[in-house]
Amino acid sequence: MIDYIYELKMKVRDYECDLQGIVNNANYQHYTEHCRHEFLLEHGVSFADLHQEGIDAVVARINIEFKVPLRSRDEFICRLRLEKQGIKYVFFQDIYRLPDEKLVVRCQVDTVCTLNGTLMRTCPQLDETFAAYLNKTN
Amino acid sequence: MIDYIYELKMKVRDYECDLQGIVNNANYQHYTEHCRHEFLLEHGVSFADLHQEGIDAVVARINIEFKVPLRSRDEFICRLRLEKQGIKYVFFQDIYRLPDEKLVVRCQVDTVCTLNGTLMRTCPQLDETFAAYLNKTN
Amino acid sequence: MIDYIYELKMKVRDYECDLQGIVNNANYQHYTEHCRHEFLLEHGVSFADLHQEGIDAVVARINIEFKVPLRSRDEFICRLRLEKQGIKYVFFQDIYRLPDEKLVVRCQVDTVCTLNGTLMRTCPQLDETFAAYLNKTN
Amino acid sequence: MIDYIYELKMKVRDYECDLQGIVNNANYQHYTEHCRHEFLLEHGVSFADLHQEGIDAVVARINIEFKVPLRSRDEFICRLRLEKQGIKYVFFQDIYRLPDEKLVVRCQVDTVCTLNGTLMRTCPQLDETFAAYLNKTN
């Protein structure tokens, strides 16, 4: 059983579906990004504010497995788990369809932080905020 | 006959189509925005650079008439005409399907300029750059 | 005081903001579309199902006035009112920022229905479903 | 030296940039999708037509490494290579910034075909069309 630390419920919007009648693949990246940012916000970290301070959390790698497509009207839940691996903050993010809890997308997002464009070995703001989660997994 | 001063050829991308199999309406706004910015760039005005200087060209009003929908694989041409009306720079932007030149969308975009968030009565950069066109229409 | 008949609360997603740091204009079209479709669904009318039956509700004209831009983290509420004007179903849709209720966008969306691509004088599904609202306004 | 079989030149559109001033990650997925579909079209295979025949080419897995971000005004080139691996059509897609040919994104897209929703062991349309490329790599 995966030990998620955050979840966000969402609903498909029709404009996210493409001519195959299913959610266009790129939108799952949008969903997972929104879920990460909401998770950060819930812990007092704003992606937009960090950017104003010169700190950008940037995605270095993303791997998405597409299992079952979402369709018009589907509700779904994005769940998230966080690990620190070296300089990377690795988000494991899975999307489940509601109400049947079918796995829609399994996703791993490797992020790093940059300060004025230069790679940071570690981001104090994130380390402090997520100490509880990061200790648990390292 | 409308006196367009700029045109840009584009092609529908499949992800822009929605479950009706036609380009989603919001994408026409994207097309016309891209066309305006390319028009500005061609005249040495960068939307992104203006933003860095504190000047934002913002859309105050947009009116779009949807005539014929674009579909997967369609090529089309965005044509543009510019007028100054008071403090507004008004872009008349029409999209035509290729090769049959059917009118797809007729669009009027009223823009104003702000300097650090405050409305400018006029934007010297734009006035100078587009003097030829603006004189012609006033 | 405007007599709205439906409202939907939403929140800005960071990917909807552009390099000006504000929600890109085209996304307001997305917000209003999603609000219309949720309104229809709440009354048992599915945009996707209608499409399967050959009926497409299509936007003929849209007029949007942009008042105050939404930013990262803003919550907002989309409110909607419906009128029948000839063959058109006209949606008046306004977006208000929360919690200060500032008017963000004032929008009028003229829609018509087509059956297998041909304009319908009226759409029985919509007329029946929205009889209460349509009578009130005509 | 990688043996690309197709390339498509594109240009960043400002609305694709987010509040960090760089192209939002999800748009790279859009770019690579558009490049695949254009590649297919150039070989007489239409994604939209296949869908009409009940055949859907669906993405099973995508892996994207983000190297250098694209910004407003950047031009770039999407290059593509194709392999058959079991039932999968694997697209290796890389994006290079112009004119300096910096690697922007390295991407692997595993696709499979479904017929009326059921997984096909192989898709005759694709096998025939791409015989030259698929033989070369197996």
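Note that the chains are named A, B, C and D in the order they appear, and that numbering of residues resets to 1 at the start of each chain.
Here is the rule we use: contacts are C-beta pairs under 8 Å (C-beta built on N, C-alpha and C of every residue); 3 or more make two chains touch, one makes a residue touch a chain.
As the structure is a prediction and not an experimental result, all values here were calculated from the model.
Visitor: Starting from the Cα centroid of chain C, hunt down the chain whose centroid lies farthest away.
Guide: D
Visitor: How would the chain A/chain B interface be labelled, same or different, where same requires over half of its residue numbers to be shared?
Guide: same
Visitor: A-C versus A-D: which interface comes out with more C-beta contact pairs?
Guide: Output for the comparison: A-D.
Visitor: In whole angstrom, how far does the Cα centroid of chain A sit from the Cα centroid of chain C?
Guide: Whole-Å distance between the two chain centres: 29.
Visitor: Measuring centre to centre with CA averages, how many angstrom lie between chain A and chain B?
Guide: About 34 Å, centre to centre.
Visitor: When the C-alpha atoms of chain A and chain D are each averaged to a single point, how far apart are the two points in Å?
Guide: Roughly 23 Å separates the two chain centres.
Visitor: Which residues belonging to chain C are in contact with no fewer than two other chains?
Guide: 14-15, 17, 19, 21, 24, 26, 30, 33, 48, 72
Visitor: Going by the contact rule at the top, pick out the chain D residues touching chain B in the complex.
Guide: Contacts found on chain D: 13-15, 17, 21, 30, 33-34, 37, 41, 46-48, 71-73.
Visitor: Taking the complex as given, what residues does chain A use to touch chain D?
Guide: Listed in rising order, the residues are 19-20, 24-27, 29-30, 33, 48, 51, 56, 58-66, 69.
Visitor: Which residues of chain D touch chain C in the complex?
Guide: 14-15, 17-19, 21, 24, 26, 72
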